[in-house]
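Chain lettering (A, B, C, D and E) follows the sequence in which the chains are written, and residue indices restart at 1 in each chain.
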Amino acid sequence: MTTLAMTTGFVLILIGLYGALTNRNLLRMIVGFTIADTGVHIVLVAVGALPGRTAPILDAAVPPAEALARIVDPIPQALVLTAIVIGLGVTALMLAYAYRLFVRRGTLDIAKMTELKW
Amino acid sequence: MIRRLFVVLLLAVLGGLFLALQLGYVPDAQLNQTAAYYAEHGAGELGAANLVTAIIVTYRGLDTLGEVTVLFLATTIIGLVLATGRATISSESRRTQVSELLTTGSRLLAPPIMLLGVYVFINGHLTPGGGFQGGAILASSALLLLLAEPLRDFSHSLIATVEALSGSIYVLLGLFGLVFAGGFLDNRFLPLGTFGELFSAGAIPLIYSLIGLKVGAEFSSVLVHLSATDTTEEQP
Amino acid sequence: MIDLLILLAALLVSVAFVLALYRFFKGPSAADRVVAFDTLTIVSITGIALIALLNERGIYLDVALVYALLSFLGVITIARYLENGL
Amino acid sequence: MPELIGSLMLVGGAVFLLLGGVGLIRMPDVLNRIQAGAKAVTLGTLFTLIGIALMRPEWALKLVLIALFILFTNPLSAQVLARAAHRLGGATDAKLTTVDRLAEDTAKAQQ
Amino acid sequence: MNAILLLLTALLCVAMLVTAVTAIMVNSTPIAILAAGLISLLASVVFVLLAAPDVAMTEAAIGSGLTTFLFFFVLARVRAGSEDGGEL
């Protein structure tokens, strides 16, 4: 189960990067970036998920005394939690820049923005 | 065409790297040292049932402060970028009216969504969820109102006040921890209480609620800034 | 007996999931795809409830709670976009 | 005994979900597919949630809340979507649909 | 019982991969954005399967509503201005 999810995450990163690098529309590039982002999250969570264990939340089902033997690693989960929120901030920032570029140029085609070419 | 070939080559190299990682990966049978410490002592030291919350708010609290700062910066930059973009596209087409059912339904549903957000971040130390999720849910209720009434005026000053106040009190609580307990953002300057009850785990619910309010205000301000990009007059 | 029934239910839900997914990929118009998207989210709620049942952890239901209350926002956004409302 | 009834209801709800999926494939046009996707699937989900509530009575409160939320939100999204599909045009098969009250009302309102 | 969870994981993973390929290959931008939203919804179920309900809740709260809204909002503004980008 863990291996399957990890493989999926890796393939999602590759697919997302392919989309971000080959598309010419700025919005489509951001979509590819979002997919790669999700892939990274899945890989990180899969690294922390030990097979046959349960969520790191202690209640009647998992008393604190048994926690060591029964819970998964909580640290990657905490990292991914913050990464998702930052990811939304970054996506919103990219979209705001794309919108500004569109207002200035009237196009979203990356090939028509030639200032940085040499 | 040559560019696409280059991209495929790059991805092939990256894929080979991933394949090597994947084949060499052996899942651990036991928790590593840090995680084992958190699992063994987290509940007793901090009184939080949700270990992810314990890590985010207390053990790695400084990282969270940095993260909230990054989010604040992103929001501010979005506000700056879009504030100069008010003069917009000329051929603004007329918006379709909102159906009455959506207006009524959104008025009915926005309070429960807000309530769910508050529930999620107040119970962050007991059940899954916490400030970041609760903040996103609060922003979702603002999004629903925005969808139902696109021309509604959201109070920018209210959002800014909530964000600034919760941010300052968050840092202040961290300093309280420094003075009255073990270190910056230590939650033990309030009594730990009984494990598993709502008012337990010291200052964790308080700190996480403040983070929730701050994140919710930040996301709402992003949404409001984006939706205010056209100021062309609308037909009623 | 009960285990078998749960297995049967999981299989049926999986088949429903696959059917809705087929409509999502095929769907001639954009509205078709959005209907499939809506169905997929609701089928996922049942999926999460089943996972909670199989893992014996009631706290997983909180995720389904958030799912049930927020997944319709995406559908409404897309519908408003389609009718030129955004 | 409640466990058995609960699991039977679970299977019943799953059958409704399956029927909703089949309807999504077999129905001729968008509006009919919205019927299948909204009604049958909502009913199926309610059944499965009630079944699980019978199997685990201590989870009943949360499950009822989930069911309530689905009852509130799903009709709303289905209605907004149907309206958008109607406005886009081509939502119905003209041979099968003879009455279109929304178009009549819109025409009346514009006069 | 483990077999069911494995089956669900496999189903979700295959669905995510196919959806990702669709999102990259499809011609119309709105459908690509819709597919990206579907990926994050499916990912949140995968997170529940991987015993990470906190992460799943974050992904469900952010991936479904907020991201989709931001994308479609910019897309609607772009469609109002010109022809490229917004056709269905």
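In the analysis below, contacts are C-beta pairs under 8 Å (C-beta built on N, C-alpha and C of every residue); 3 or more make two chains touch, one makes a residue touch a chain.
Keep in mind it's a predicted model, so treat the numbers as computed, not measured.
Undergrad: Can you tell me how the remaining chains group up by touch if chain A is left out?
TA: In the absence of chain A, as far as touching goes, the chains form one piece.
Undergrad: Compute the centre of every chain as the mean of its C-alpha atoms, then state which one is farthest from the centre of chain C.
TA: B
Undergrad: Which chain is the middle one, judged by CA centres?
TA: When every chain is reduced to its C-alpha mean, the one closest to the whole-protein mean is E.
Undergrad: Distance-wise, how many Å sit between the C-alpha centres of chain C and chain D, to the nearest whole number?
TA: So the centre of chain C lies 11 Å away from the centre of chain D.
Undergrad: Approximately how many whole Å separate the CA-defined centres of chain B and chain E?
TA: 19
Undergrad: So how far apart, in whole Å, are chain B and chain C when each is placed at the average of its C-alpha atoms?
TA: Spacing between the chain centres: roughly 24 Å.
Undergrad: Which chain D residues touch at least two other chains?
TA: 69, 73, 76, 80, 83, 87
Undergrad: Considering chain A alone, which of its residues make contact with at least two other chains?
TA: In chain A, residues 2, 7, 18, 54-57, 59, 77, 81, 84-85, 88, 92, 95, 99, 103 touch at least two other chains, as defined above.
Undergrad: Note the residues in chain B that touch 2 or more other chains, in rising order.
TA: Within chain B, residues 50, 52, 88-89, 93, 96, 102, 109, 112, 120, 127-129, 132-133, 136-137, 140, 143, 147, 219, 222, 226, 229 contact more than one other chain.
Undergrad: If I apply the definition of touch given earlier, which pairs of chains qualify?
TA: All touching pairs, sorted by chain label, are A-B, A-C, A-E, B-C, B-D, B-E, C-D, C-E.
Undergrad: Hey, which residues of chain E end up touching chain B in the complex?
TA: 53-54, 56-58, 61-62, 65-66, 69-70, 73-74, 77, 80-81
Undergrad: Please give the residue numbers of chain D that touch chain C in the complex, ascending.
TA: 3-4, 7-8, 10-11, 13-15, 17-18, 20-22, 24-25, 30, 33-34, 37-38, 41-42, 44-45, 48-49, 52, 55-56, 58-59, 62-63, 65-66, 69-70, 73-74, 76-78, 80-81, 83-85, 87-88, 90-91
Undergrad: Can you check the complex and tell me which residues of chain B touch chain D?
TA: Touching chain D from chain B are residues 96, 99, 101-102, 105, 108-109, 112.
Undergrad: Of all residues in chain E, which touch chain A in the complex?
TA: Touching chain A: residues 5-6, 9-10, 13, 16-17, 20-21, 23-24, 29, 32-33, 36, 39-40, 43, 46-47, 49-55, 58-59, 62-63, 66-67, 70-71, 74-75, 77-78, 81-82, 84-85 of chain E.
Undergrad: Quick one: which bits of chain B touch chain E in the complex? Just the residue numbers, please.
TA: Interface residues on chain B, with respect to chain E: 50, 52-53, 88-89, 91-93, 120, 128-130, 132-133, 136-137, 139-140, 143, 147, 219, 222-223, 226-227, 229-230.
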